[in-house]
Structures are given as structure tokens and as C-alpha cells.
Amino acid sequence: MFDVVIIGCGVVGAAAAYELSKYGISAAVLEKENDVASGTSKANSGIIHAGYDPEPGTLMAKLNVRGAYLAGELCRKLDVPYKQIGSLVLAFDERDMASVRQLYERGRTNGVKDLELLDAEQVRLIEPNACKSVCGALFAADAAIICPWEYTLALAETAVKNGVKLYLNSPVRSISPLPSGGYRLFSDGAYWDTRFILNAAGVHADDIHNMAAEPEFSITPVRGEYFLMDKCESKRAAHILFGVPGEFGKGVLVAPTVHGNLIVGPGTEPVDDKENTGTTYGGLDYVKQTALKAVPSIDFHRCIRNFSGLRAVSDTDDFIVRENAGAKGFIDIAGIKSPGLSAAPAIAEMAVELLQSSGLKLERKERIVDSRKRIRFKGLSPDEKNELIMRNPAYGNVICRCETVTEGEILDALSGPIPPQSIDGVKRRTGSGLGRCQGGFCGPKILSIIAREKKQEPVEILQDKAGTFVLTDETKTGGSHA
Amino acid sequence: MTELICIVCPMGCRLSIDDSMNVTGNSCKRGEAYGRQEVIDPKRIITSTVRIEGSAFRRCPVKTDRPIQKHLVFEAMKLLDGVKLVSPVNAGDFALKNILKTEVNFVVTKSM
Amino acid sequence: MLDLIVIGGGPAGLAAACSAHEHGLKNILIIERGAELGGILNQCIHNGFGLHIFKEELTGPEYAARFIEKLKGTGISVMTNTMVLKITPEKQVHIVNPSQGYRILHAKALLLAMGCRERTRGALCIPGERPAGILTAGAAQRYVNIEGFLPGKRVVILGSGDIGLIMARRMTLEGAKVLACVEIMPYSSGLNRNIVQCLRDFDIPLYLSHTVTDIKGRRRLERVIISKVDKELKAIPGTEIEFECDTLLLSVGLIPENELSAEAGIEIDWKTNGLIVYDNMETSVPGIFAAGNVVHVHDLADFVTEESMRAGACAAEYVQNGERAGETVKTVKGFGIGSLVPHKIRKEASKGKIEFYFRVNESFKNRSVIIESNNFTLARFKRKVMVPGEMERVTLDRACIPESGEITVKIENEDGGNEND
């Protein structure tokens, strides 16, 4: 019997696991995919918002500001790529300016520090590639860019090091209350008993809720399509550039990424299917045309990847973080759309408070792991590189040439607290294949390394999620000739 | 009259072969021979791989040392499934002799 | 200090190093990131190499072996498994490998021979889902020929580049079913011989003026949808054809790998990603030379070899005699020309010849190539057929080069005239 089971290991589930791992309880995380950060948490803009967007008084406002404050410190402790580069909401006419001024007021009410209204001249000075017709902007110095999947991974790894159990490939199929209190969660061929549940199932949070109680809310996946551009385009924006927010969200942004690329997106399109992360010609074109209005010089021929992510939008206007009315000890964390990434650590704090008020006794552990460090060969000085290679020659074997990722780093990842189960799992841990050739050169090499280290056959190695086999047959075995 | 694109070199000349086997459109003698052969009995070089043990790599490249009749290509390919070389091998070594009694051989194309 | 460091041990680097040695350089180092010399030739196990240079038909590994053999006894040193992380205009080369760690090497001249990479799905912005089973033809070639694994059994190929065509045959021979080869242009970008021996031999249909417009499959690829395109290359609704397949191979163009060059401040043609070079294959940085696909993508390894031998000789000349002098004449792409090398010519010795390499930007039949300067025709070359898929070559006597100004290479107008006449 666990004290707490968290359903879903996106950034919210991981942050909750990290927070709970500081206490002397038993906790587990159930993740339906074969890696953490496999849904919304890996496919978003990677922005820590300052907190001027949400309506004052909402949970979103409170948790965004608090979460953004916590994120900086967490990223330093847990070695997550994070850069406070500031954001601009660009205005192109008087109506936009009115919205920008409103955002400024909201931000101040929400307690956002370092907000500033800029005129056209000031914008051009700090953002020379912005469209000439810009007439002003809201500048938020606290806004930051972050690597969202490494953030999730760092939180989850630290939780695991502190004793939280992580069960991958474990989709929750049904939930039954136990006669003595608590719940039994059933997956395919396995079950777990727990006293408390944190439902952090992202776009599936309504389905999970409905397994234990009467429906209270529903989640609509809202798809956002993106362009990821080559590093040579990264200079197009010095800050995170937004247009004024629209009906469905903050609209299309243009921003540098922590990996040195430029990201452009997302569009906004409600879809029916909770697994539909495809892109469309129309959706991509909308993003492109909108972005070009803000930054006309972006060269879209320099795109290296398109992707889309689903934001979990609930039928309420706010985040849902509360104990389930019909199921004691079952806490929903639902509708965590943007600014969910920014708010995650604050959401986790709130979830822990809710567990306490629902009867979970929490006592701080005397000692916990609260740091994380991984070797990033590329950023080391020549002397450090040499020292490392002398210690282990595998660090002298560059596998991913676009991002300069070495075999040593890949081996570190494979022996990490949450070992990757696929080529993309290695990518999320080391950055290999993230670059302009998109794994064309390093993919086959990483496949061989995984097969060698895990003693698996190459045909068993996955690109990403379960079922994403890279190879189908060995040649010259007589089997492939029909 | 048969019209063909010559495949003996990257130029890709457009050949015409009349009923008395006269070839036109070619830029070289090899093209002429190819055109005639293609009408009478098309032949191809096969390049493929075979299994190899004791090398850093699992496959060793091979080719037929002469063109083989086109209709025998897949049958010849199947024979390679049964070949397993052991390193070291040298380019030019036989990997499989006298394929389907054609007197054409598979030879190794890389020393490994 | 070394005389010359050659970066890349593929066809370009090998030929350049051999040639520099033949022209008198002693201290030459080739740096190769792979485990062995030969570069991409090692996975090109098909034949068709060497007809120009060796007058016989060789496979990729055999072609590479000819040069590797030539290295023996030259004293040229080779570092394999070594990645170049940085080069500088001062001709320093930062390298890393497992046995020597991180080191900075210095040479009198550098020769860039890093080759190219394949365009990916991302560069094309193909919409749809993102399942496994979509890979470049080159990656598939590595899996099949080097590793011994098939990446799939039912295959659609996007793009009719030579690697894609070669892989159509290769995968068919290994037991896969290739359903279609799909090309957005109204003509194939691969060699005619490859259309014949790789597609027609196996009855694989070639869909010209078609492209992939949707991809289905959540885990492994399930279906690919192609559509016909109009003159602006936009998909025409209602023309969709659906293929049930588990693999999509991309053979949609090659991009010179010039990230190291760009970081060193070497001038790049951002349209092609190729290096901007003088007639002696010298880049914008004195003493840094380049050859092969890092300059412009070639159709044939033999032509890479020829160009690289010239570059190697010129690098030797630079080390021995210093920088070439002379006024610079720029070359200009005129009507019908998509890409042109060299970009700049130094007017010096009036002896010898200059070779121009170019690609047309549309297909032409029975037209002449005209080289002109200041509205004066310097030379004219008749051509039966010119297609964008095949690189063209013309040679001009150095004596014809004007003292200054520009040289334009263009295709004559339809009426056979020169628009400036």
C-alpha cells in the first residue's frame, strides 16, 4: 500500500513527486508511456511566463507567479537549462497597445516584478528584427526559457533518487475504492493500492477522474503546431516575442530556445483526439504567417522540425487543483494549460497542502537528495574536456555531430536513475539528435549503443514510444524474402 | 525498333536498336554492346552484402564479377543468405562461386 | 607545424591529400570522424564509381580503396574516429578523439572536405503524424549495407535523388516492396541510368509532379498520402493517392555541411549552403581551401575526385608560393543558371584553363551555354539536353578572362540568340 500514487509523469506529476519525496511517505508515479514527459510536457514552447497573463485572483495567476519564482532556483539546483531572457508582448496598433496596458496592470496586480511599458523606439533598440510597424510593447524581465523535458526529467529523477517508485508503461485502466479506505488502481496485468491519489494525467485527467467519481469537468485537447528552426536563425529574436493574447491563449510566439535554436508557434486548434499530435498544412501555414507579421525576416527554409503539442484545456477558465468532491483522498490536478509549465512547482506545493488537509501526515525526511548534475561535454573548457577523456575515453567519442554529444554522455544517460528506453529517450537526456540533421547520422549509432548496453537485438530498439520500431528485419537471414 | 536508356555509365544515352541489331544513339562501344545485349538477353551486375564474422561490422559488401541474367537476380540473391565469411577477407576474394551454374561469381568488394 | 590539414577522409579529402602530396607537400594530415577512411563510399556498395577516373566500373568501397592504397608510402598521416569541433581563420583545428583527447592542431593551409548531409522531413515541413519509419535514404543505406538490417518492408520513397533510387533497388533485392517513388518536380533529380536500373527493372512506379501531403501512423508509419502538384508546386486537392506502407525514405536533396566553416567566418552561399570559392578552390579565408560536396553537391564521386585533386594542387601551391595575386573577377549566374562555381576568379597568369561547374534551374533542350563579359561573348557551348539533376561543366581559356568586372554564365534564349546581342 502506497501513501500516494501520482497518475501521470508530465511536469506536474514529476513536480508533485519531487515535492512529496522530501517527506517520509511511500509514493509512486504511474506513467502510461515508456518515458516521463511524453505528452504535453515535451511538446510546448518551453517558456517560464512572468505571470501577467492570467486574470487576477485565479489559481493560474497565483500559481504562475509562485511557480516562476521557484523554477529559477530548481533549475540551478537540478541542472536544467534555463535562461532568464525576458519577454515582449508586441503591439502593432492602438488596440494592441490598449491590451498591452491592460496586461501591465494585470501583471502588477498579480505581483509580477520588473514589468515595463516600452515605446516603439525602445522596442527597436532591444529587438531590431521585430517588424517596423511595432508601436510599443510590454517588457517582462522575469520571463525565461527552459528545456521542458529535462525539467520534468530532473524533477522525476530526483524524486526517484529519494525513493519514489516510477512505473513506466503503466496506463491506469480502472480505479476501485478499497473497503478499508484508499484505492486500487488497475493497469494491464498489474495493480497498485494507495491511500491517496494525485490525478496529473494531463489531457486524460477527466477520464481518470471519471474512473473514481461522477464527471465534474471535461478536458479538450487544444493542439498547437510549431516550427523549430536551425541555430543560424536563433538571432532573429533576443527575447520571447508574443503578440497580444487572443481567445484561446497567448498566440504565436517567436523565441530562442535553451538549445540555441529558434522556436515559432503554437497555433491554436481544439481537436477531438487526445493522441492527435500531427501537424497540418493549414495549421503550420497559420503559424508561419502570424510569426512573419511580428518578425518578417525569419527564414522558414531553415526549419529543422515541425511538431505539435496538446494543451489540456478544461471547461472551466482556471486550473483545477482540488480534492475530488465524490472521492476522498483523490486530488485532481486538471486543465493545466499554459502557464502550466511555469506553475508546476507551485501546483505541486498546493497539491501537497491538499493531501495534508485530506489527512495525509507528512514529516520532512532528515536527508534528501536535492541536487543533480550531468556532464555536458560541449560546454566544458578544453582542459576539462581532456581531463574527462583521460578518465574515460568514451567522452572523446563524439556520436552526435550536430550537438556534440559524446558516447560517454549517452552511457551516463543509460545508467541514470530513469534509464531511457528509446533513441528519443536518449535524445531527451543528452540532446543527441536534436540538431539540424535530426538524428540522420547519429540515430544508427545510438541504436547500436542502446542494443549493446541493454543486450537487446537491434530490431527491438524503439525510436520513441512503445511500438515505434526502427528496424523490421535482419538481412541475409532468409526471412525477408517473401 | 527498341528504344532504351543506356545504363553502362552515368551519361544515360538514349539508344535505338533496330531489328537487324544495329545500335544508334550510343556514345561509346560499351553502349553499343549493352544495347544489343539488352535486346537479346538483359544482364545486370548485382551488388549486395553477406554476413561476416570477426570484423567490426556485421556485413561485407559483394558484387557479381560479371553481369548475370536479369531473370536470375532474385534467385542469386537468395543464395547469399547461406554465405557467412570469416574475417580477414580481401577485395576480390570469392564469396560464392559459379552462381546457379552461370560461371559468374560473387566477389568481396572490401577488405575487412 | 603541418603543411596541410585535410578535414574529411571521404572521396574529396582522399583525392585532395594525394594530390597535395604529388605536388610536393610532405606534412599532410587527414582527419576523419568515422572509424575508417572512405566516408560515405563505404556504404555505397553499388557500382558505377570510377568510370571517369579509372575507366572501369567500381563499387564505392573499391573506389575508396584505390585512394587508400595510394596513401601508402606517402607519409600522409591519418586520424580516424576524430571529430573536428572548431576551425579558425588562423588555420587552427580543434579536434577530439578517445585516445588523444582534446587538441589544437595548426597548419599552413587547411582543406575542407566535410561533404554534405541529407535534407530531413523537418526541412520540408511535411505535415502529418510523426511515427517511426520515416528516415533519410542515406540512413536507410547505412542500416541495410553496414549494419545488416531492413528499416521496413513496404516502402514509399519521396524524392528521386540518386540515393533514393539506389535504395529502391537495394531494399527490393533484400525482400522489401517498394510501392512508389514520388518526385515533386516534373523531372527526376537522379541519373537516367538509375531510373532504368533501379525503378523500371523492378516495375516501381515513378510519380512526377507529386509530393507527400499527409502521413498517418501513431507508432510505426501506417499510410502515406501523396497528391499531384500544380506549376507552383502546391498540392491539388482531389488528386490524393494513398499507400499503405511502413517506411518512407526521403531522398530530397543534400546540404553542404558548413557549420564549422560558418563559425570560422568563411563566406557561404546561404542559398545552397555551399562555400564561396575562387577558381583555385580557395575560400574567402586565405589558405583555407575546399573541395567536393562541401562546396557544391556533385552527382558523381568521380567529379568530386577531379575537383579535389585540383584543390589539393592549389593548396600545395599556396603553401609553397604563398597567396595568389591578381585582380578579382566575379562570376554571375545569368538566365537559366541555378548554381555556379567558382564564384570568383583571380586574373593572373594568362595560361591554363578555368572550369565552370553549374546547374540549370529548369530543363533545356538544344540550347547553348554562353559565357560573356561586358556584353561580349567569350565562349559558347552547344548542349543537347540540360536538366537540373545533372551538373554541367564548361572550360574557358584563362586568356579570355577580362581584366576586371564580371563574367556571366547563362543559357541562350529560346530563339537561339543572346538577349544582349
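Lettered A, B and C in written order, each chain numbered from 1.
In this section, a contact is a pair of C-beta atoms (placed from the backbone, for glycine too) under 8 Å apart; a residue touches a chain by one contact, two chains touch by 3 or more.
These figures come from a predicted structure and were not determined experimentally.
> Going by CA means, which chain is nearest the middle of everything shown?
If we average C-alpha coordinates per chain, C lands closest to the whole-structure average.
> For which pair of chains is the number of C-beta contacts greatest?
A-C
> Take the average of all CA coordinates in chain A, do the same for chain C, and state the distance between these two points in whole angstrom.
38
> Mind checking the centre-to-centre distance between chain B and chain C? Centres are C-alpha means, answer in whole Å.
Distance between chain centres, rounded to whole Å: 26 Å.
> Could you please state the distance in Å, as a whole number, between where the Cα atoms of chain A are centred and where those of chain B are centred?
53
> Among the residues of chain B, which are close enough to touch at least two other chains?
Only 49, 51, 59, 74, 77 qualify.
> Enumerate the residues of chain C that touch no fewer than two other chains.
144, 146-148, 174
> By the touch rule stated above, which residues of chain A touch at least two different other chains?
Within chain A, the residues that touch at least two other chains are 475-476, 481.
> If we count contacts the way the header does, which residues on chain B are in touch with chain C in the complex?
Residues 4-10, 12, 44-49, 51, 56-59, 61, 63, 70, 73-74, 77, 91, 109-111.
> Any idea which chain B residues touch chain A in the complex?
Checking each residue of chain B against chain A gives 49-51, 59, 74, 77-78, 80-83.
> For the complex, give me every residue of chain C touching chain A.
Listed in rising order, the residues of chain C that touch chain A are 33, 81, 83, 85, 94, 96-102, 104, 117-118, 120-123, 125-133, 135-136, 138-139, 142-144, 146-153, 174-177, 213, 215, 218-220, 235, 246, 259, 262.
> Can you list the residues on chain A that touch chain B in the complex?
These residues of chain A touch chain B: 475-478, 481.
> Hey, which residues of chain A end up touching chain C in the complex?
So the residues of chain A touching chain C come out as 227-228, 232, 275-281, 283-284, 300-301, 303-307, 382, 385-386, 389-390, 393-398, 401-402, 404, 436-438, 440-441, 443-444, 448, 458-459, 462-476, 480-482.
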